[in-house]
Every structure is written in C-alpha cells, then in structure tokens.
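A, B and C label the chains in the order they appear, each numbered from 1.
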Amino acid sequence: MTEAARPVADDPKAAVRARYEPVIGLEVHAQLKTESKIFCSCSTRFGAAANTQVCPVCLGLPGVLPVLNERAVRFAVMTGLAVGSSIRLRSVLARKNYFYPDLPKGYQISQYDRPLCEGGAIEILAEGERKRIGLVRIHLEEDAGKSLHPEGKEGVSTTRVDLNRAGVPLIEIVSEPDLRSGAEAYHYLTKLKQILVYLDVCDGNMEEGSLRCDANVSVRLRGAKEYGTKTEIKNLNSFRYVEKAIAYEIDRQIARIEGGERVVQETLLWDSARNVAETMRSKEEAHDYRYFPEPDLLPLDLTESWIEGIRESLPELPDALRERLVREQGIPEYDAEVLTETRSLATYYEEVAARSGQPKLASNWIMTEVNAVRNKTGQPIESFPIDAARLGDLVGMIAGEKISGKIAKTVFERMLEDPDGPAAIVQKHGLLPIDDEAALRTLAREVLAANPGPAAEFRAGKEKTFAFLVGQAMKQSRGRAHPEKLQAALRAVLAEEG
Amino acid sequence: MPIDVTTVRKIAALARLRVETSEEERMARELAAILTYVEQLQALDLEGIDPTSQVTEGAPPALRPDEARPCEVRDDALSAAPDRDGDYFRVPQVV
Amino acid sequence: MTPAPADWAEASAEQIAESVRGGKVSAEEVTRATLARADRTASRLATFLHRMPEEALASARGIDEGRSRGTTLGPLAGVPIALKDNICTRGIPTTCGSRILEGYHPPYDAHVVERLRAAGAVVVGKTNCDEFAMGSSTENSAYAPTRNPWDLARVPGGSSGGSAAAVAAREATLALGSDTGGSVRQPAAFCGVYGLKPTYGAVSRYGLVAFASSLDQIGPFARTARDTALLFNAICGRDPRDMTSRPEASPVRLEALEEGVKGLTIGIPRDILSGEGIAPAIRACFERAVAALTRSGASLRDVTLPHAKHAIATYYLVATAEASSNLARYDGVRYGLRAKDGNLTTMYEATRGAGFGREVKRRILLGTYALSAGYYDAYYLRAQKVRTLIRRDFSEALEKTDALLFPVTPTTAFGIGEKVDDPLSMYLNDIFSVPASLAGVPALSFPAGFDEAGLPIGLQLAGRPFQEETLLRVARAYEATDDAAARRPAIAKEGS
C-alpha cells in the first residue's frame, strides 16, 4: 500500500501529521571513561570539590600545551570499529574558537574536516522492524567546564565557573538524518548507550551528563526530495525528554507550515517542566568558529596494525551476542534482546542456562522474576543478591520437578534475603513438594471432610466446585502439593466415596 | 577586499576586542594596507600544493599514557582570579 | 685556561662555568659583578621588567654551597642569565610586556627554566620585550622601550630587545629570547651579539607564552659562538609536555666547532640579495664575510629561494591567525587584568581593549579576519600552501650546501619612534628573518661587522633541520677571522 493510500484515523491531527515526514538527526556527546583528561593528567573522577581537578594546562594558563591521551584515542577508535565506521589513518585535531567563561583557552580542541571516524551505522528495533541508522562521523574533542548561573544579590546576576570538567575527553557521534520519530530517537539512544557500555568506554548516563544529546529536527511533505528547514533542540537530559521534545517539535513545525508560516532555523531549549521548546534568547548571531588545524598537536597518525590490534580485542557486541544466544540457546529474539541489555546480564543468563540446562526457562525467570525485582530496586545485575549459580540451581529444580513453579517463586523470595542454596531453603522452610500418592489422598480426604457442602455439590454433578476444592487443598498444603497429582488424588477420593 | 570601519567593528566583536571609536579609522586604514600587501599571494598558482601541517618531519610523537596525577601547581587554582566566589571563578552573566 | 678577567661580567659563560666548577671563583662573586653592571645601566637601557638580585644571589650561594659539599655542578654553573618576560618563571612576574598580565605570577616554571636551574645557571631577571612578542623594536612593550646599548636613541630590535641588549651591555652573560619571525636574530644583529633560532621542535615550548604556535622557538643570546652552543645544549631536547618537541634534537659538540669550514659548502641565495633596500654597509659586510669564509676554506654555491619574496605576506597571515587564537585566553576570567564592565561580553571587550596595545590588537584583528568564514581559504589556507613552497625552497637549496649565508636585516638599528606609525614598513624589516621561521630550519645571527655609524651588523646562517652544530661551526670559523663579536658598546665600558 502506498503512503498516500494509507488509511487515515478519525483524529484530524493524525491526518495532517500523516502528510509529513519528520527527518531527525542526533548529535550525541559521550564522556570517555579515561583516568585522566584528554590533554593533561588531571583526574576525570566525578564529584570533586570545584576547581580541584585542574592544572595549568586545563586552566588555560599562559604558556601551556596539550598532550593527547592515548586511551582517549583508543576508546574513540573502539567506538568507530564497533559501529562499522572507517578509521582515518591521519586525522586532524582542530581549534574551534569562541568565548565562554567555561572555555579556558577561548577555543575548544575538537576535530573539523578530518575526523577520526567516518560512516558506520547503528541498527535499531523500532516497532518490531530492524532499521539501520547511518552515522556521519565520530570525532574526539575536549569537554568544557561547568557554568552555574545562580542569581546574585540585588538582582545582579553572575556566573560561577568550575573547571574540573574542562578537558574531560568526549567523542561526538553524529547520525545521518535517518530517524523518523521521537520513538526511533529513543531506540537509537538506547542502542548507542548499550554499545558504549558494552565497550566500557562510557557510562552512558544522561542524568549525570556522561551522555548528552542535541536533536536536529525538520519536516517535509511525504515524497518530497528536499529537506525542510531544521531546528536544533538542546537541554535534553534523558532519553524520554528526547522522545518528547522531538514529538513536540515535529507537531510545532507541522502546525506552522499548515498555518502558512515558515519554520525558522534556530536553536531551541527544551523545558522539561512545561514540556515545550523555547527559543534561546541569546546567541542570535551564527557562530563563526574559525576552525584551523591545532598546531600544538600535529596530525594524529595511526597505523593499520594498531587499529587491527584494537579490532581484535573488541568485546562481543550486543547484536552479535544477541544472535549467538538465539543460535546457541534456541531462545526467541525477543528474549535475547532483553537478556543482552548489558553484557553482564547476558553473562548471567548464560551461566543460569548452563547450570540449569534450561535455556528457555532460565530466560523466563530472568525476564520476569529477576528483572521485576531489579526494576524496583534499580540494582545492576552485578549486585543482584541471587547469583547465577543459585538461580541456575533453582531453575534446575523446577525442571526436575523437585518443586512446582509456584513454590519456586516463594523460594526465590526467600533467596533474596537468605544466601543459602534453593535446596537448603526448601528444606529449612518445609517447602518440599507433596507428591506421594498416599499423602495426597490423606490431604484430599481432609479437605473433603472440611468442606462437606462443596464435596456434595461436586458429587451431585457441579464440576465447578472441583476447582474450589483443589484451591483449598493447595492452601492447606501451603502450595506444596503437586498440582497434577493432587487433582488425580482428589478425583480418586471423590470417586471412592461417591 | 577593502576593510572599512564596519568590518573592523565586526571582527572586533568576534575577537571580543574593544577598539575605541577614535581608533577605528586608523585601524581600518592600517589593516587595509596590510591586506593589500598580502594580496600578492592570490596571484600564485598553488594547484596540487598541500598546506603545511607540520614543519618537522619524523616519526609521530608518542601519545600520553592515561594516568591521573595530582596537580603539581602548589597554589590554589583560584589564587590569581580577578573575582571568585569560594571555590568558583565568578564572572558577570551573559546577557 | 685563560687568566681570570678583571671583571667577571666580561667573561664568557664557558670560562665562568669552568672557573666556578674548578673553584677558581665563587658563583656569588660572578653574580655580584654582573648585578653591579646592571645596576649602572639597566634603568637607562630599560632592559629589565623585573630584576631579581636577591634570588640571583641566593641561587649563586646555593651553587657555591653545593660545590663545597662535593656536588657535581652543571655545565652553566654560576653563569648569570636573563630571560625574556614571555618565559614562565614560577612565582616571578611574567608579563610578556603587556598590561593584561601585569602582576601575573605563573605557578610553574617553563621547561627551559627547569633545565637552566639544573645546569646551575643564575637567573638575574626578566627582560623587556614587544608585547606578546609582537614587534621588531621592543617599542610595543606596554612598559617602556628598551634602548640599544650601542646608541641609546636607537632600538635594540625586537621582540627580544631586552635580552639582546642585556647581553650586549654585559648585564647578563647569556640570555634567552623567543623567535617567531626573527625576534632573536634581528635584535642579536642590532645589538652585536649571537642569536640562534633553533630548528622548530628542538627546544620545548612548554612555558613559553604562545604567540604563533607553529613558528615560536626559544633561542639563546650570547657573546661567543661557543657560549651560544653551551646555552643551546642546556635547553634542547624532547620534552613530553610539548608534542611538537622532537627527539632528533641533540646537543652541539663543542669540539666540532673548532673544525673550521674546509670542506663545507656555503649557499648564497643571490635572488633575495638582489632587491634594493639593503643598506650598502650591510651589503659590503656580507661580501667581506663571503670572502673571509672562502679564504678559510669554504666552497660557495649559488642557490635560489624563489618564494622567499612571499614570506612576509605568508607570515603575517599564518602567525596572526595562530596568535588571534592563542591570545583568546586573556579574557579576564581566571587571571590577569579584568576591566569591570556590565555583562560578560562587555567585560571581555573592555578587558581586552584596555589590556592589549595597538600592535597586538592589530594582529588579533588581522588573524581573526584571516580565519573568518569566507576568508579562510583565501588567506590562512593559501598562506599555509605558500609556506610549503618556502620549505621546499630551503630543502632544495640545502641539498647541495651545508648552510646558507644571507643578511639578517636590511638595515642596522633604526631610531626609536622612526617606524612606529607605519606597521607595514615595520613588518618589512623581517624580510630576511621570516623565511627560515616558516621553513622551521635553524638560523643563526652572528656579529659580522659595523656600519659607518658604528652600529653592529649581523649576518645569518640557515641550515638543515637539527644542524645547529654546522651553523655554529661556520660562525666560529668567522669569529676567528674578525673581532666584531669582541667589541663592546661604550655603555658597557663605563666605569669598568
């Protein structure tokens, strides 16, 4: 079915929206997890008192020079290789000149026309479909310090500057304008973060600022070849805000065009309290950054063999890991997607699957029970109280019919507090299943004796009361009765006395 | 490319440099003379010539190993600050 | 060894170091003698922005104590040295001749300062210079113009005028300056001393306040070729804090300087000598020097530097572009001058407007323009391409020669105030010094003679990268035939 013939909802807004194609590109800045800053040996540790992780170099004192951090280059190359970029053997660092109080030198050392990585792509899962989002480039640059704008006394406003962050290494990842919705942007960011965390090059934490995102948004009529005018949205501090802000901006641009006005090329700030994007008041003039190659650093020359060495030492990446789990464990793609959220979760899963011999059951347990607890507590899998060995044993017990699924859930709860193995906990709390026929018949007789009315009704032909009787028996056995065997015993006893 | 007072003002703004009104004409004149002089480069045929990216040849220098070191600067980073607020540098706010 | 001089302020660095190491004289005595000379002449010449007599005597005593304890002393033990005020000295004012850094005390020492202290040199003060090293006369200093010791109504040259004058006036035995387009060589020529611009990358720039990053080099001033070598040796070599400093840089062998010029080929770039504007006295001196070197056994070869005529235009685009960026950090936020003004933007503008002098402003504006949108290709990029051609000219000329010989300046020292109102004419003084800076090759100015007015004439030797030794060897051979380097300005003879 062609775009034009797509059925249109009753909602008139949707009808209008359907005529337009949003075009979105994202620029993401990721702080690299190096020990020291990109051009000096100051620590990059988060949370130090203001202006204590600084030195003449990152303070921009007269006479200082930058010296490039090897690991920052390594992490940037790892990222480029992971997303299939081509790595330039000679790339150039360049000065981006502008004045701001948190930019000590009056220029930022970045990259301009010869970035370290070019091309590449990130694959996302959007509405059940796999989609390839192209990348333009990835380049290295230094972070600026922090400017804080509290109000001063007598309404005179000042800015306070902390330069601890100045010089922390960043990579800037620029996507092609291949995204088509706020939701796709959300998925892109999730996937990008996942890759960076897998590589252990970045924490990927938007709330703490180790991952930052600006969105470029435009719309055009479906079928049009030219791009519309784009706006840039800044101050997006979470993946959800990115999604919301993009959706907002798409609608705003459509409304303008429908209203006969042009979209103005401008920079907007997202206001997450009011859920609107506002024009930035200052910075009206377009910046002239006067880029030129950084003379203090010389071009960055890499060798093929160095890059190959990095390629060989890359960890298994999310897509490959996901595919491998599907292949080796025979679990569905959906499961593998969830279980590879982080490498540590995938490792956890593999251990549980191996220990229990139950790949699908292991997957279910992690996706439902384990993740339910983690969603509440926010714990990473590394600090989850039930390790893979214990969970593997539990899952094994279920598979071996040593306990029922229901009892297993109780055991699981206990295991969160009690470091003992599942078998020991079952013993301790008397949770062994009752599957002995004689015991079950005794139980059945007790239940029938305690419920003469329903027993009589059943014998009189009311099938529905059977479920009630089963429930009572389960209750009395505190869930330990083997469900199928209990039912068989109950039927037998009912038939006996019938 | 003639440089006039308007251009001087624009570049001065880019460079955050105040040029007194009384000095603007003179600056424009002097810059214009210099730029006229450098126009000679326009006549050269530079087809196929790469810009100089480094003056000395040789193996690229080693990159710095990633080790955090405490700062050797004995004085507090803010000691030379024209204005400070406790641990912070303080500046007037951007308009 | 030569007998002890009547005045240690006249002695060479080599003799001082040897004597201090050998216990023949104390470092303190040498320092006192030098301080006494500076006491007589420094305020008239305005050589120093900051004199350090107490610190110097303390250093000197430290060296003497070290000697008595049996510590091995360094190659510059007890030698008094002056440092240009754009070289960072911990806790000691470093103003770069500018108001914007008035009262600024760096919290760290430049690499070269660490090396000098390790070598046992005694720093006697920070010398005057053109503001941020921008100028050819030291008249652009925000503080005062330095005067040429040979004629106090004339400039000492620039931008390292204070350092050159201090050495010529015997206020220091050695000095360091910085050379971006001739700022060590030209004042050396105007003041009748040796001035070396090392190969780019031979000396670490860590702690040199940047003017033009791809051109700046710290360079020695001295009164003999051997002293120049000694000082170069004390500061050259790779420093991991400067990514542009090179491991290929290695010390000059002092013995090699005595080998003479037999077997060496000297290139004469006749094309750059053909223009008018070269003072007749300089031309004559040049020809005499050529003859002297030929007599000493050097062969000659004509070479050309066809793109050298574009060097000034190239330099004033590349250097000012880099400078406009390097000087952006002087914004009143973290150190230096801050002009109280309304908002952030006006604060920046007022600070930089008040803190920078006219020449610096001119160059910042020119450089900003050369990099700005729409002009980058036509100006900066184009200039960097012409620079490639100039570098090629030098490597081709030096393929079959060991060194090139040509003037340093078109004239001898001009009068104070004579050129301040015509920036372009001031820039054209650099016509012979700028090409070697753009090419990154080492270049040495050596005292070669005097003009009719008794003003010093310097000549220039340029060589292959990291061949400072060859240049000093040729200069040493010339020194043996001529006494230009041994003569003293009258002011240095007063009361001695």
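Assume a residue touches a chain if its C-beta (ideal position, glycine included) is under 8 Å from a C-beta of that chain, and two chains touch if they have at least 3 such contacts.
Computed from a prediction, not measured in an experiment: that's the story for all the values here.
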Chain closest to the middle, measuring from C-alpha centroids that were averaged per chain
B
Contact counts by the stated rule: is the higher one at A-B or B-C?
B-C
Chain centre separation (chain A, chain C; CA means) in Å
58
Between chain A and chain B, centroid-to-centroid distance (C-alpha), Å:
41
What is the distance in Å between the mean C-alpha positions of chain B and chain C?
23
Provide the list of chain B residues touching at least two other chains, using ranges where the numbers run on.
14, 16, 53-54, 61-62, 64, 72-73, 89, 91-95
Shared interface positions of chain A, touching two or more other chains
56, 59, 67-68, 99, 101, 159, 161, 288, 290, 298
For chain C, residues contacting two or more additional chains:
104, 107-108, 214, 240, 243-244, 324, 328, 331, 333-335, 344, 348, 368, 372
Once bound in the complex, which stretches of chain A touch chain B?
34-36, 41-45, 49-56, 59, 67-73, 92, 99, 101, 148-149, 157-163, 282, 288, 290, 293, 298-301
Touching chain C in the complex, chain A uses residues 56, 59-68, 95, 97, 99, 101, 104-107, 159, 161, 288, 290-292, 295-298
Give the list of chain C residues in touch with chain B in this complex.
104-105, 107-108, 199-201, 214, 240, 243-248, 310, 312-314, 316-317, 324, 328, 331-338, 341-345, 347-350, 352-354, 356, 358, 361-362, 364-366, 368-369, 372, 375, 378-379, 381-389, 391, 423-424, 427, 439-440, 465
Give every residue of chain B touching chain C within the complex, in rising order.
1, 3, 7-8, 11-20, 23, 27, 30-31, 33-35, 37-38, 40-42, 44, 46, 49-58, 61-62, 64, 72-75, 79-83, 89, 91-95
Under the definition above, what is the set of chain C residues touching chain A in their complex?
86-88, 94, 96, 101, 104, 106-108, 110, 205-210, 212-214, 240-244, 321-322, 324-325, 327-329, 331, 333-335, 344, 348, 368, 371-373, 376, 380
